[in-house]
């Protein structure tokens, strides 16, 4: 019974589906990166369609190869990405706030005012040095 | 050409397109964090391309580079953030 | 690709040289890094290219079977990249120190050691 | 949690090695590796005096958490994708200060990461006293910031705390 | 640049990085990787740490060895003394550290020493050949095979030297630079 | 002979130590050395006088055929005796003259060095070793002229002398090498037999030019005569020794020595006669223009040297006879005069002719020596100078196309010599004077004995020419002519034309002496002429050279890094184009175009990423953006490496790229705003250069890739990586095993870079001028 | 034994450097390690030279991999002579550094880096592999970077910028050149390459083109016209102990590589290369000496003279006869010793007087007669006055030139030599003979201890002077060896057979 099933074909199909979904996610978030109006929106939009997309692509690849080596690697990459990309986004976002990157005018900033005030007054002295980096 | 390889070609093409779009975002900026984000996505795109290429060639060894890239893309982002942070502090 | 890459390398060389010929330190260092990059790519490309096959012997084989990439340029390149990195790192730090000492980022201010001092 | 991860890694690597180098005849290595890993974890659990009960109580919770996360991930992604692909923006962004119940570094980090990973929301910073989490979010209906907070607290944070405490 | 999230993430990442780097080092002979790549990956772990916590903290965390000792009693036999010293330093560190009689000595592992060790390993791996009348860097391999790590031999020792050296170099560079 | 020379050098270097031990008695051992060599040479003299040529061979650099070959014939014996004999006296004299001088030890060192070098020069039997000793005399004379080193004039005179003689020395070296090539030997005795071979060789003319240049500079011939008067800055013993008797005659010696090899051709004759003649007249003329004793002596010396060269040029047997005789006579009286002048200077503190008078009362012995030397110089009976002059006149009057011209030259110089002789030998000492110049100290034996001995020798030789002198001079002339000589020297040749001319010379000389003041007043009229003189030309040339060199250097080494780089790149482009323009292979792109269809989309995209990135890099004014662009380019290149089967390289490239970013970030965040400094005027030039450079690189790759590469390395590594190297990753096996030495070097580079970075950031010297 | 002897000149400095690194905090220990290593190095290199002199070219295959595949180390006479010269110079530099370099610099890795520099010299001279040559040159280069910038004073940094940039370009050309050679011939082993270029099938024009890459690369390293600009801009900036070693050794190692490659590999189109090299040699000589003549600083004069003398070495190669190349070899050895010594002397002078400016110096002739003698010997050796060492090189070159009727270049070289005499006497006149100009009397008060140190600094200078005198006064062994070495160079079969064991 098992002999009749073309495992390779199944793997290929599953893999293809995953890859295509992943790639589509990635493409969409890249378009988002182009289209969205302010930095923060772009950031939250793609953080991370790209991560998900990448995860799917990699999973697809892992299934295609179907080897422990490959699974280990795929899991490693996915683990890394899922751990690191939000951290990176957080760090960059925080930096952006500190560097006074403006929000979209329709953003509701009510609860954020205190924070902004505190951050920016703390660094007023250093603004001069930072006119252009 | 099998379905699978067609998928791969499609994927590669899409990722290339992504690469171009990311590049455009990088170019138009307008702020540095935007560029850093674009850079981040650029790295993710490249990892994706490496993954696809690995399947393309059936040579497992290439994905190792993907691992390393995933580790180091992070370092790149952190460094840029560090730079911005340091220059305000 | 064999036909296109040489042009890319040429462009990289041109760009790097143009940057190096700037007056600004920072451009200089960018130019140097780019020059190193172009050099590495040159070394890689001129040793002929192989698509797909890496220079790794498969798990069931005892000798490498064609087509496999020429490992020699790769090995040379690895060494060259690392060496280049050491030198680049040093150069970056040097430029930083120069800036600290001289307070300028204009290369044209750096011409005192070549000057001829007067006789008496 | 930490111990869980470590045990899992040890188990996985052990079983992986077994199948990689020990018994090349069996097919579907990865599947068997997971089976053996669970077995090893069981043995570890039996022989570890420090962790009495937590493992298998928490395993379903962990799975639940992961499932919830994946669901949120896909849903949010789709929502954003829709917004990207349609000409007009539906979004109403806001920065929300979510009060935190979690306290440890690990919890905060996990929560923040999950929030960030979910498209449409981005964790910007934690307040200095670690009581507030500033979060940038895209879809705030009718300026109702409280519902966003509720969603976070009862969606992610609760499940996370079930897992870690 | 200390945020809780980054710090925690990095705390989790560091052991992974180091394990992965050692793995890369040893599998390098058969797969992509090797001493240089492995060394860089290992070093990156510390670079992260330095970037978030500053170099001093990194040194305190990773590059300090605390040794404990106490004066030898006049009638104490030498081997017993050694045993006790071992005990103090290996098994019961935490407890003994607070013991009033025990003296504490801290050794800072300079990254220069790591560099030198790496270099020493790399060169010395080549000298075995010379000692037996073969050319410099003549390779000697063992007959057995260690899982994951592969077959031990002088080239692997050489690669280990490269690995250590790279870690030392990157550490040195980042420490010095972030002290700026 | 080798031992004598070795001893000389050893003693020279021992001199400072001897001075420390012996104090003022240091002159005893110093004089003993030349004296013993003199005696030693005398013991060899009988053999030489019997016509034997003594040789001695000491291997030195046999692989270059340069050996310490010593060769003693009449000519070298004459010079060697002159050098050592005179040397003995000078050593004594110097002991008195520089008594108490703190640097007397060094003075003796240089003097002994010089003497030995001179001795070596005349004894050397290998033309290259002739040159070696020749240069030694140049540097030791440099040290001697600059002995009064704290005076600017001394230093510049020494430099001048060294440059002029150095120029000659280099020419001589070239000439000697050419001569060696032409004569196929460096050994003098062999060359002496191969005169015809040399004279007919293609290299004869260049060799001749170079050799004559050497000889003329050394012997202060026109137009190189100007260094000699300036060299009078040296202490008197030096002037006496070097500039009358020995060093300046080295050139004459050389000419004499080479006469059998190179002489006899028209080029040789006319050059020598012309240069010698001009020098003779010029020296004599200039001698009348000065009142400084040493200057007068110097110019008459120049004149005499000119005569000697002229005689050598004439090259007939009588001329060469006259030359050796006059040479000896001149050495004797001129040496005496120099010593006398030194004595006067030492005792009175002045050397100005116009301020000196009536010294015979206080400096009796010196005055006597001066008188004797003066009579010899004036060519009076029965002095040796008389014989010399007689022979000179005879030789010039021999049948030749220029006989009257030559005679006029020698007559004119003779006349001036007489005038000078009267002024120096008679005027300042014996002429009655109301106010004799006061002395600072009385005449001392160490100072007056040497001149007296010399002067008396002149008298003795004049009275007894037949004993010893004649055979010696005969052998000397024979060495030049190559055939046995039979001439006799005699004081009295009877009343003939020559005697009459001699008398006329003396009379006219006296007239010149009488009206010397008048002549002096004409001197100022020649000032304009001096400006065109070689001394000024030398100065102008030196200054011009220095200014020119400074200008050229300032242009080339202008301090602008980018112009250096532009020059380097231009050179590179030029060289590559040059090498390919010589019938290299043609680039054939047309039949490779189908390859383009194999392009993959992603490859093109990657490519397309890099080019805009570069453009953006030029435009960008933000440091961080630039770094990010570099990162993007680097990552793209890494992807290329993956695509073409180099995962290791790609991984390394990625790691390195990231690390570079980290370093940039760590290091550059404190730098100020990124300003753009443009240089619009040069930009187009640089754009063109950059484009050309890129084009050349592209062309190189294309043309190299046009041919198949069959690398046996690839095959071998593929075969044996696993089987012999125990590894499947061939690249890594190459790195750690096949070519591990490269990797060793590579990690060494990294280690050093780390050390360097640390040192640069942590070590800050406050003041760095301390070496 | 054979394997060991060839590797020792590399292993000794390397282990010395490692030990020095381990004793990072103890400068005294580093000094002792350094001196011991130098002594071993001297012995080892002498043994190597004798061995090579006796048995001909010796080779070892690193890692036992056979010839074209592994890296070959080749010791022929030329390379052994280079190694021994580096050992002699190294010893002097170490002796000098102990008292002649400030403690701060000594404690920041000076000794290990210097030792690695020596490793680089040995490696570059002994290797028989093109890429390995590159690696050792990079080792040299980074050491120079570090040493030139060590201490970070303003002039040093300024010099370093130019040095680093231009030499980085040289590295690029070298690497691309290696790429071109590999792309054409598919090998890296010099002997193998020598075989390949001598087979008729290869493309001679392409190989010549590859040669141009190396001409530029090693031309920059060796500081020939028009590539020398970095040298006068940087060599005079670091402390003397440093500039002495790099000034003495480095350009000559570049020249070594130049000669090696252009006698062994790039011989396909000598109708082009030889006139080209001749022209370059002439310009190098002349412009270098012009630069020297225009300077008024002790070190700068010496720096420019390096360029000028490189011209002589290049001239030997350009004449391309056995005698000419022997002359080049002799000239290289002589110049390393002499140039190093002159720099050291300038250091001793400046140690005492605190300046290198000619106008501020003076009076050493009276104060330090021994130093004056040492300077005199070295300066007139450099100027090529017989019987000092420079004469022999000059003589061989001139003779070789005349033998093949290359009158112009020989006459140029002789004229340049005259200007060299001028420069040297200028220094002698200004620094030694002239009285010291009046200056701040407090400036030159030296403590007894400093005076003692100053006296100790004479030791390395005298050490080198002994060798300089030896190879001048008793030139035969070195000249004969240089001639043999030149024969080995020109008779490539010897090299090829030794390496490929045919």
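Labels A, B, C, D, E, F and G are assigned to the chains in the order they are written; within every chain, residues are numbered from 1.
By our rule, a residue touches a chain if its C-beta (ideal position, glycine included) is under 8 Å from a C-beta of that chain, and two chains touch if they have at least 3 such contacts.
Per UniProt, the chains are A = Multisubunit sodium/proton antiporter MrpG subunit; B = Multisubunit sodium/proton antiporter MrpF subunit; C = Multisubunit sodium/proton antiporter MrpC subunit; D = Multicomponent Na+:H+ antiporter subunit E; E = Multicomponent Na+:H+ antiporter subunit B; F = Multisubunit sodium/proton antiporter MrpA subunit; G = Multisubunit sodium/proton antiporter MrpD subunit.
None of the values given here were measured: they were computed from a predicted structure.
The chain pair with the larger count of C-beta pairs in contact, out of E-F and B-C, is E-F. Of all chains present, the one whose mean CA position sits nearest the global mean of protein CA atoms is G. Greatest Cα centroid separation from subunit C: this falls to F.
The most distant chain from subunit A, with centres taken as the mean of CA atoms, is F. As a whole-number value, the distance joining the C-alpha centres of subunit F and subunit G reads 25 Å. Centre-to-centre separation between subunit C and subunit F, using Cα means, comes to 48 Å.
Averaged C-alpha coordinates give centres for subunit A and subunit D that are 15 Å from one another. With touch defined as above, residues shared between interfaces to two or more other chains in subunit E number as follows: 1, 3, 5-6, 9, 20, 30-33, 36-37, 41, 44, 47, 51, 112, 115, 119, 123, 126, 136-137, 139, 173, 177.
Taken residue by residue, subunit C touches two or more other chains at 20, 28, 38, 40, 42, 46-48, 52-54, 56, 72, 76, 78-79, 82-84, 86-87, 89-90, 93-94, 97, 107, 110, 112-114, 116, whereas all remaining positions touch fewer. Residues of subunit B in contact with two or more other chains: 15, 17, 32, 36, 61-62, 64-65, 67-68, 71-73, 75, 78-87. Residues 550, 553-554, 557-562, 565-566, 569, 589, 592-593, 595-596, 598-600, 603-604, 607, 610-611, 614, 617-618, 623, 626, 630, 633-634, 637, 640-641, 643-649, 652-653, 656, 659-660, 663-664, 667-668, 671-672, 674-679, 682, 686-687, 689-691, 693-702, 704-705, 709, 711, 713-714, 717-723, 728-731, 734-735, 738-739, 742-743, 745-747, 749-750, 752-754, 756-757, 760-761 of subunit F are the ones touching subunit C in the complex.
Residues 3-5, 7-9, 11, 147-148 of subunit E are the ones that touch subunit D when the two sit in their complex. Residues of subunit B that touch subunit F in their complex: 12-13, 15-17, 19-20, 23, 26-27, 29, 32, 35-36, 39, 42-43, 46, 49-50, 53, 61-62, 64-65, 68-69, 72-73, 75-76, 79-80, 82-84, 86-87.
Chain contact summary for the complex, subunit G toward subunit E: residues 1, 3-4, 7, 11, 14-15, 17-18, 21-22, 24, 60-64, 73. On the side of subunit G, the complex with subunit C involves touching residues 131, 134-135, 138, 141-142, 145-146, 149, 152, 154-155, 157-162, 164-165, 168-169, 171-172, 175-176, 178-180, 182-183, 188, 232-234, 236-237, 294-297, 357-359.
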